[in-house]
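Both of the next two complexes hold chain A, though its partner changes from chain B to chain C.
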Partner chain A sequence: MNLMLNILLNVIIAFLLGSLLFGLQRKVMARIQKRPGPPIIQHLLHTLKFYIKESSFPKTAAMPFYIAIASILCVIWVSAVIVGPVAQGSLLLIFAIYALHKIVEHNAGSSSGSPYGKLSCVRAVFSAAAEVPLFAVLIIIFLKTRTMVISDIIAYQAQNGALLFTIPLAALMFFVLILSKAPYSPFAITKGKDIISGYETEHFGLLRGYLMISESIAWYMLLWIFLTVFLGPLSLLGYLVGMVVISVIVAFINATTPMLNPNHSIMVQVTMAFIGIVGSIILLML
Partner chain B sequence: MDLATIGGQLLGTIPLGDIVLYLTPFNLFMFGGTLAFTTLIAISRTETQVEAEFGTLKDKEVKVNLEEFKIRRFLAIVCGLATAGAMITGDLFNFTLFVTLIGIVNIGIVSAVRQVDVLNAAFQYGLIAMMASLPLFGGAAVLLASTGTLSLLEIVKLPYVTSMMTFGSLLLLMGIIGETGVAPFYATKAEMFRTPGSPFILIIHLSSLLVIVRAIEVLLIINKPF
Partner chain C sequence: MKTLYISSYLMFIVSIAGIVYALVADPPAWIVYAISILFIPLSILSFGLLIMARSKKEEEDERAREPFIGY
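== the complex of A and B ==
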């Protein structure tokens, strides 16, 4: 298939599926809380709505930084789709993309001048201290498979079985990372309702549309990475079922768990990262 | 071990005397990303922070004044260039120099702010960064003594890993953690980030995270787990 067409197709799939999975998550959460909940396509419609809304910019914003940062978030996750499903390149490169995502999340908040955005920015700095070690658990995969290249990791699992069963603690750590990026998660401190919408508070119209597209693609990508590096070669149906199952599990956790205080959230994540890294190394040495 | 198993296929090298820069998709992405952010910082204005005043219904505006803006922007650009250099250098000594420069300019970016809490945080970060320069350069020196080279392209070819190489890389890691102020030194940096000047704060965060990501690659090259 033509490379550009392949990229375009994968980005569209990532956006649509990511949006629908977010919608499914809200539906499941609502049913657990005995509410009817919004339709599953609500998140998708909500994203598209922002493209026909008027864009306005706060007079306190750092221009053109404020506009560029929201657009860069979109570019970053499109790059992740290219490195992941399209090229099946280096996992370390996806790690770098995730680091840039944390930086953009942090600065989208601070660039508007809003106190809510600023609080979200400070929380993003805090949360990076926990989420980056969680992502670093992927190094355990390198120690096990002797490669960071995704296509080689898939080939390794085709020969030796899914990594989920040989390095389960690493898989658990990555699941905690996925959980922390879900809306209404106990670890979603950057978008807590006590700070309105966190770093998105002062983004309207087109810019909010960019942020929402990026969130959907990011959700799809995190699920894709988890399924690819821990469950090995999967068919399209396998990916679809896996993504739905993880999204439903996350919805159950989110619906029944309150959001943690920022300090508690970080300490829980750091503790899990520590257990994951040390435990996995011990398991590898046995 | 092969470089391609970590950062992807080796796309090329840029030899500058005995200092060789190398490009893999991983290094190139981080180099390009850093330069893009640096350009953005160079052309951006700063935000105005709006804070509520106690006892009245008025808002207080916190701005960056022109003199402060100029010096912080200059330091932020230097930090961006140093980070970009650290992303593609294949020379360990070069890498440590870039990381030290990042530490120095990060302190400068924040210490230009006239807020007591922010200055306190910058002072504490400065102490850590200064202390961290010893293990950083010490680690590079131990690695030079134990391998006979500082070139990562040569170190990756070595068929052995000695305990001194592991010790040197541990020192190097300690130095990098201190210079970039990542966990467990992150708490002071969060205080530093309360100051206005979003574009300048970005480069502090960007340099820390990207140097840590690059450090993972460097440590894997040195220690070759298999």
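== the complex of A and C ==
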């Protein structure tokens, strides 16, 4: 297949599936809380609605950085689609993309000029201190497979079985990372309702739609990485079922757990990272 | 607003031209990656800027006279 067509198709699939999975998540959360909930397609409709709405830019925003930072979020997750499903490149690039995502959260908050955005910006730095150690999961994967390249990790699992069963604590660490990126998550301190919508408070209309497109791609990509790195070679149906199952589990956790106070959120994540790293190293030595 | 409209048009044309070039000419992989990383987000943003709803002429003053002017 033509490379550009391959990339375009993957980006469109990532956006559509990511949006629908977010919609599914809200539906499951609503049903757990005994509400009918919005239709599954609602997140996608919201994205499109925001995308065509009249937009104005706050006087306090640092232009053109305020718009550029929303573009950077899209740039990094389109890059993730290329590194992941298209080229099956290095996990280190995914790590870099995730680190950039934290920087975008920080700068989107600070560039808007809103106090809520600025609080979220501080929280983004705070949470990065906990989420980056969780990404140390990559070291454990390297210690086990001796490679960082996604295609080699898939080949390793085809020979030796899924990594989920050999390094389960590393998988748990990555799951916590996925959980922290879900809306209404106990760890979603950068978008806490106590600070309105966090770094997105002053991003409305077109820019909100643009951010939501990138976030849908990000959600799809995080699930894709988890399934590929821990469950090995999967068919299209396997990916679809895996993504739905993880989204439902995340929805269940989000529906039953209140959003944590920032300090508690960081402490839980750091504790998970510590248990994950030390426990995995012990398991590897056994 | 007119500057924004014109620059969005230019950005959209350039990004779509880049994507079509990569689709038709099939250049080396690194060029396709560069085009995708730059032009896919740019095309989404510029298309959004072009199709977003705009205020009517008589509403413009109302939009500019926002009571809340900053923090």
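The rule is simple: the second predicted complex is superposed on the first by the 286 of 286 C-alpha atoms of A that agree within 3 Å, B and C clash if a C-alpha of one lies under 4 Å from a C-alpha of the other, contacts with A are read in each partner's own complex, and residues count from 1 in each chain.
In the analysis below, contacts are C-beta pairs under 8 Å (C-beta built on N, C-alpha and C of every residue); 3 or more make two chains touch, one makes a residue touch a chain.
Keep in mind that this is a model prediction, so the values were computed, not measured.
Asks: Is the number of chain A residues in contact higher for chain B or for chain C?
Replies: B
Asks: Which holds for A:7: it touches chain B only (first), chain C only (second), both, or neither?
Replies: second
Asks: Per the contact definition in the header, classify A:125: touching chain B only (first), chain C only (second), both, or neither.
Replies: In the superposition, A:125 touches chain B alone.
Asks: Touch check for A:209: first (chain B), second (chain C), both, or neither?
Replies: second
Asks: After lining up the shared chain so the two structures overlap, which partner does A:153 touch, if you call chain B first and chain C second: first, second, both or neither?
Replies: Neither partner.
Asks: A:79 contacts which: chain B (first), chain C (second), both, neither?
Replies: Both: A:79 reaches chain B and chain C.
Asks: Looking at the overlay, does A:115 come into contact with chain B only (first), chain C only (second), both, or neither?
Replies: Touch partners of A:115: chain B and chain C.
Asks: Considering only the touch criterion stated at the top, classify A:227 as touching first (chain B), second (chain C), both, or neither.
Replies: Touch status of A:227: no partner.
Asks: Does the superposition put A:143 against chain B (first), chain C (second), both, or neither?
Replies: first
Asks: For A:66, using the defined touch cut-off, is the partner it touches chain B, chain C, both, or neither? Pick first, second, both or neither.
Replies: first
Asks: Of all the chain A residues, which ones make contact with chain B and with chain C?
Replies: On chain A, the residues that contact chain B in one structure and chain C in the other are 59-60, 79, 113-115.
Asks: Chain A touches which residues of chain C in the complex?
Replies: The contact residues of chain C facing chain A are 19, 22-23, 26, 29, 32-33, 35-38, 40-42, 44-45, 48-49, 51-55, 63, 69-71.
Asks: What residues on chain A touch chain B, complex-wise?
Replies: 59-66, 68, 72, 79, 83, 89-90, 92-93, 95-97, 99-100, 102-103, 106-107, 110-115, 118, 121-122, 125-126, 128-130, 132-133, 136, 139, 142-143, 146-149, 152, 270
Asks: What residues on chain A touch chain C, complex-wise?
Replies: Those residues of chain A that touch chain C are 2-5, 7-8, 11, 51-56, 58-60, 67, 70-71, 74-75, 78-79, 82, 87, 113-115, 205-206, 209-210, 213.
Asks: Once bound in the complex, which stretches of chain B touch chain A?
Replies: Those residues of chain B that touch chain A are 4-8, 24-26, 29-30, 33, 36-37, 40-41, 43-52, 61, 182-183, 186, 189-190, 193-194, 196, 198-199, 201-202, 205-206, 209-210, 212-213, 216-217, 220, 225-226.
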